[in-house]
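Once you scroll down, you'll see the structures, which are given as structure tokens.
Each of the two complexes below includes chain A, the first together with chain B, the second together with chain C.
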Partner chain A sequence: MKPLQNILYITKPGAYLSKERETIRIRLEEGPDMKIPIHGISGIVCFGTVGMSPWLMGFCAERNVAVTFLTDTGRFLAKVHGPLHGNVLLRRAQYRAADIADKSGTLAAAFVAGKLYNCRQALLRCIRDHGETPALRETEKLLSDRIRKLTSIEDCDTARGMEGDAARSYFSAFPDLIRKDDPAFAFSGRNRRPPKDAVNALLSLFYTLLVHDVRSALETVGLDSAVGFLHKDRPGRPSLALDMMEELRPVFCDRLTVSLINREQVRASDFLTNPDSGAVTLEDEARKRVLAAWQKMKQETLTHPFTDEKIAKGLIPFIQARLLARHLRGDLDGYPPFLWR
Partner chain B sequence: MAILPFFGGEPMMVLVSYDVKTADIAGRRRLRRIAKTLEDYGQRVQYSVFECSVDPTLWVKLKNQLLKEIEPLEDSLRFYYMGKNWKPKVEHVGAKPSLDMDGPLIF
Partner chain C sequence: MYPEADFLPVSGMQHMIYCPRQCGLIHVDREWEENRFTAEGRVLHERVDKGGEQEKSGVRLCYAMPLKSLSLGLFGVADCVEFHKIEKEIWQPVPVEYKRGKPKLIEADRVQLCAQAICLEEMLHTEIREGFLFYASPRRRETVPFDAALRELTRQTAMEYHAMMESGVLPKARYRKDRCDRCSLFDICQPKAKSAKLWLQKRLSEDLT
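So, the complex of A and B:
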């Protein structure tokens, strides 16, 4: 089993990272410098005003360490990209597949099917643990009906349409997953840029962290994260990463959000509301706790349904990226989305 | 079906302690170089004690680098192989608590 490599999160404003031999040197405004060997680190995520030397950026690119800069509220700013590596033949196969309508349609349908299956699984888990509500049962029925229909779909637009209304229905049942009766955690649908309530703030942060992980997984196997199937190309958008995220969101982000709230690991007082924009963000200490919970969740082990390997949850993006690469190369007949058990 | 590439196996913990004769300039140079090499792979937990969480491939590399630096007639290196399940075997008391490199790294 590949060890799950650690991700370094820098949240202290004014921190500066530089390269020292084979280590990442972290200079904080207070306290002594720290040195962390780069081996064992697979990514660096910087929040807010964090500086990084060009030498370290280059070193990270060379070592395939993904570097992402986010604002202090967790909105994506930039990532550091080294020279593209990996197999050019694989990337060509990816571009070709993206240009063939029925091929990209089938792939888009696979991503959506994975998403709907995993959303349904999240609802079923809740029904099993806490009993059903009308909204949960109804959405569960709708999702399982859509999943059946998706198997015969070969065009992107139909897949997108199904994804859209299934997602709407899923999020309308989402409040029933939250067992905590606190107005601070009321949820009435997704909103973002900026998130306007605590639940959306958590979801947005986790989606951003997941994009970071999926993108580096795709680029590690040599795929181009910008050329997607379900998501159309748009400059600066990691479309393929967004495609692959669809099936992983319920497993990684939605579930963690729900369990942080239900287990009272986050409280209403952990969130700050900006009086002008209405944006809701996590307070510094709470964000650290939430990041720690995210890292811990990635270390949970499970058996991958397709490869039958016992792995850490955090490695799922890497396995899915490899499976997609195999499919695009023609070694696998279809792309098997990750189906949560 | 093995879909993950070979990454050199699971990481293990090796404790490295060194004692370098620093009576002359060459000795002090060896001391410095050994410390720097170890900093690249592990965490300094005491002045001449490092904890290195390395997979077997990386360990071979690190060990070779260390063996090249020392003067076998004057210096000594000790490697304690703590294996994969090392955490219950280590207890720390007092100043300079170490950083858990496998835990969440949030600064």
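So, the complex of A and C:
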């Protein structure tokens, strides 16, 4: 498998990136310039007021390096896109599959099955390490029941219904995963736009980072990240990336959020609350720490449950995208979601 | 005769012989992964890809020469075509292809060279009896006679190549130790993959009991 490459996160306001031969030159408002070889970089994520020369953008497009611009709170602004990658036959197959009810229903059910399976694994890990609580046990039962039913489902609406149900139950049990008894880390369900507490702030940040990775993985193999199966088409929405995110959220985002809090790698003082909007964000230094933890998590190795290859965790979106492409092209008889051990 | 719009790259011919699925992955699915073997090949070609001409002792060398054949429906670039002076104003073209590694048992390199020869024959209205494969280690030239059998295999391969590109369907994977283990597309091809449907059903039902 191809080596897991690094994502360059630029968080310094006023930084300007340009191309210098085979390297990325980073000019900061103060301090000396930095130069980083583009070799070994698979993506650049810019937070806030960061500039980039068109030459570097073109160079990144040519080298298949994904460039994304986010606001300083991590909201998506824009992505630099080079020529379309991959195979037009694959995109056509994707569009056709999205128009066939039972085909997209089966795919939607597979994404949801992957999600519920991995949510259940997250609960089981916690039960194994810290003992069970009524909420954990009850949600685990509900998830098991839904997963069993999902194997025979072929319509999107039923899959969506089960996903909604299960997600509510999962998030109601989520506080039991957090072992830190601090009101700063109290959690009473998902909220976003803006996140109103520390747990939601972390989840939102990681979901944004994961969308970025999944989207680049899908586009790298030549899929259209906007045409999904579980998520309906909506202009501007990366529906296929959101579909594939479902099975990966528990593995990448939820788990990291919980362990950062439980291991006290983030503290209550790392979060700022905007007095007007109530939006909770990470303070600069803490965000750097959290991004480093995200990158480090992606280096962990594991054995892929379907392909049996030993890989870095960060390559999972790429492998899943490839498997989905193979299925859509008729080369594989189904889509095997990532099932977390 | 193929219309020019349907021409395929001549480089696909060697992939077709090596493994039709590899050819499909590269030319239909537009996949490419570099490994040690492909990198060595790329570095080896940097000199010849620069193009240009030179002449020494009755042999004119033409690097990176564009090729095409209407009968095979192929286009491409020859690493090098040597023109040997036979007599005054008469030059015999001889295609030369540079390869990394040592002479190989499978026909891939010979078929690719033969396809180039057929291109040259059509373009220059001549007949070419042989060409050379230059292997980097050991630095050795192998003479390839373009006999009837090799020409037939070349035409057959070109037809199958066109049929696959036309259908857009990848041939199924078949694991062959001597080829798969050194193929840079191994991880993409997954010749040992199992049924995803059965795997998913099995995992979901087993793990929940």
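Assume the second predicted complex is superposed on the first by the 340 of 341 C-alpha atoms of A that agree within 3 Å, B and C clash if a C-alpha of one lies under 4 Å from a C-alpha of the other, contacts with A are read in each partner's own complex, and residues count from 1 in each chain.
Here, contacts are C-beta pairs under 8 Å (C-beta built on N, C-alpha and C of every residue); 3 or more make two chains touch, one makes a residue touch a chain.
In this text the structure is predicted, and so the values were computed from the model without any measurement.
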Figure out whether A:P13 sits in contact with chain B (first) or chain C (second), or with both, or with neither. neither
Answer with first, second, both or neither: which of chain B and chain C does A:Y335 touch in the superposed model? second
Of the two partner chains, chain B (first) and chain C (second), which one does A:G58 touch, if any: first, second, both, or neither? neither
For A:A110, is the partner it touches chain B (first), chain C (second), both, or none of the two (neither)? second
Contact-wise, after the overlay, does A:G222 reach chain B, chain C, both or neither (first, second, both, neither)? second
Would you sort A:T307 into first (chain B), second (chain C), both or neither based on which partner it touches? both
Quick check for you: in the superposed arrangement, does A:G164 touch first (chain B), second (chain C), both or neither? neither
With both complexes overlaid on chain A, does A:R322 touch chain B (first), chain C (second), both or neither? both
Taking the two structures together, which residues of chain A meet both chain B and chain C? 1-2, 307, 309, 322-323
Please output the residues of chain B touching chain A within their complex, sorted ascending. 1-5, 7, 10-11, 36, 39-43, 53-55, 58, 99, 101-107
Can you list the residues on chain A that touch chain C in the complex? 1-2, 85-87, 89-90, 110, 113, 117, 144, 147-148, 150-151, 222, 305-307, 309, 322-323, 326-327, 329-337, 339
In the complex with chain A, residue positions of chain C that touch it: 28-30, 33, 168-170, 172, 187-188, 190, 193, 195-197, 199-201, 203-205, 207-208
Touching residues (chain side chain A, partner chain B) in the complex: 1-3, 6-12, 15, 21-23, 26, 28, 34-37, 39-41, 288, 291-292, 295-296, 307-309, 311, 315, 318-319, 322-323
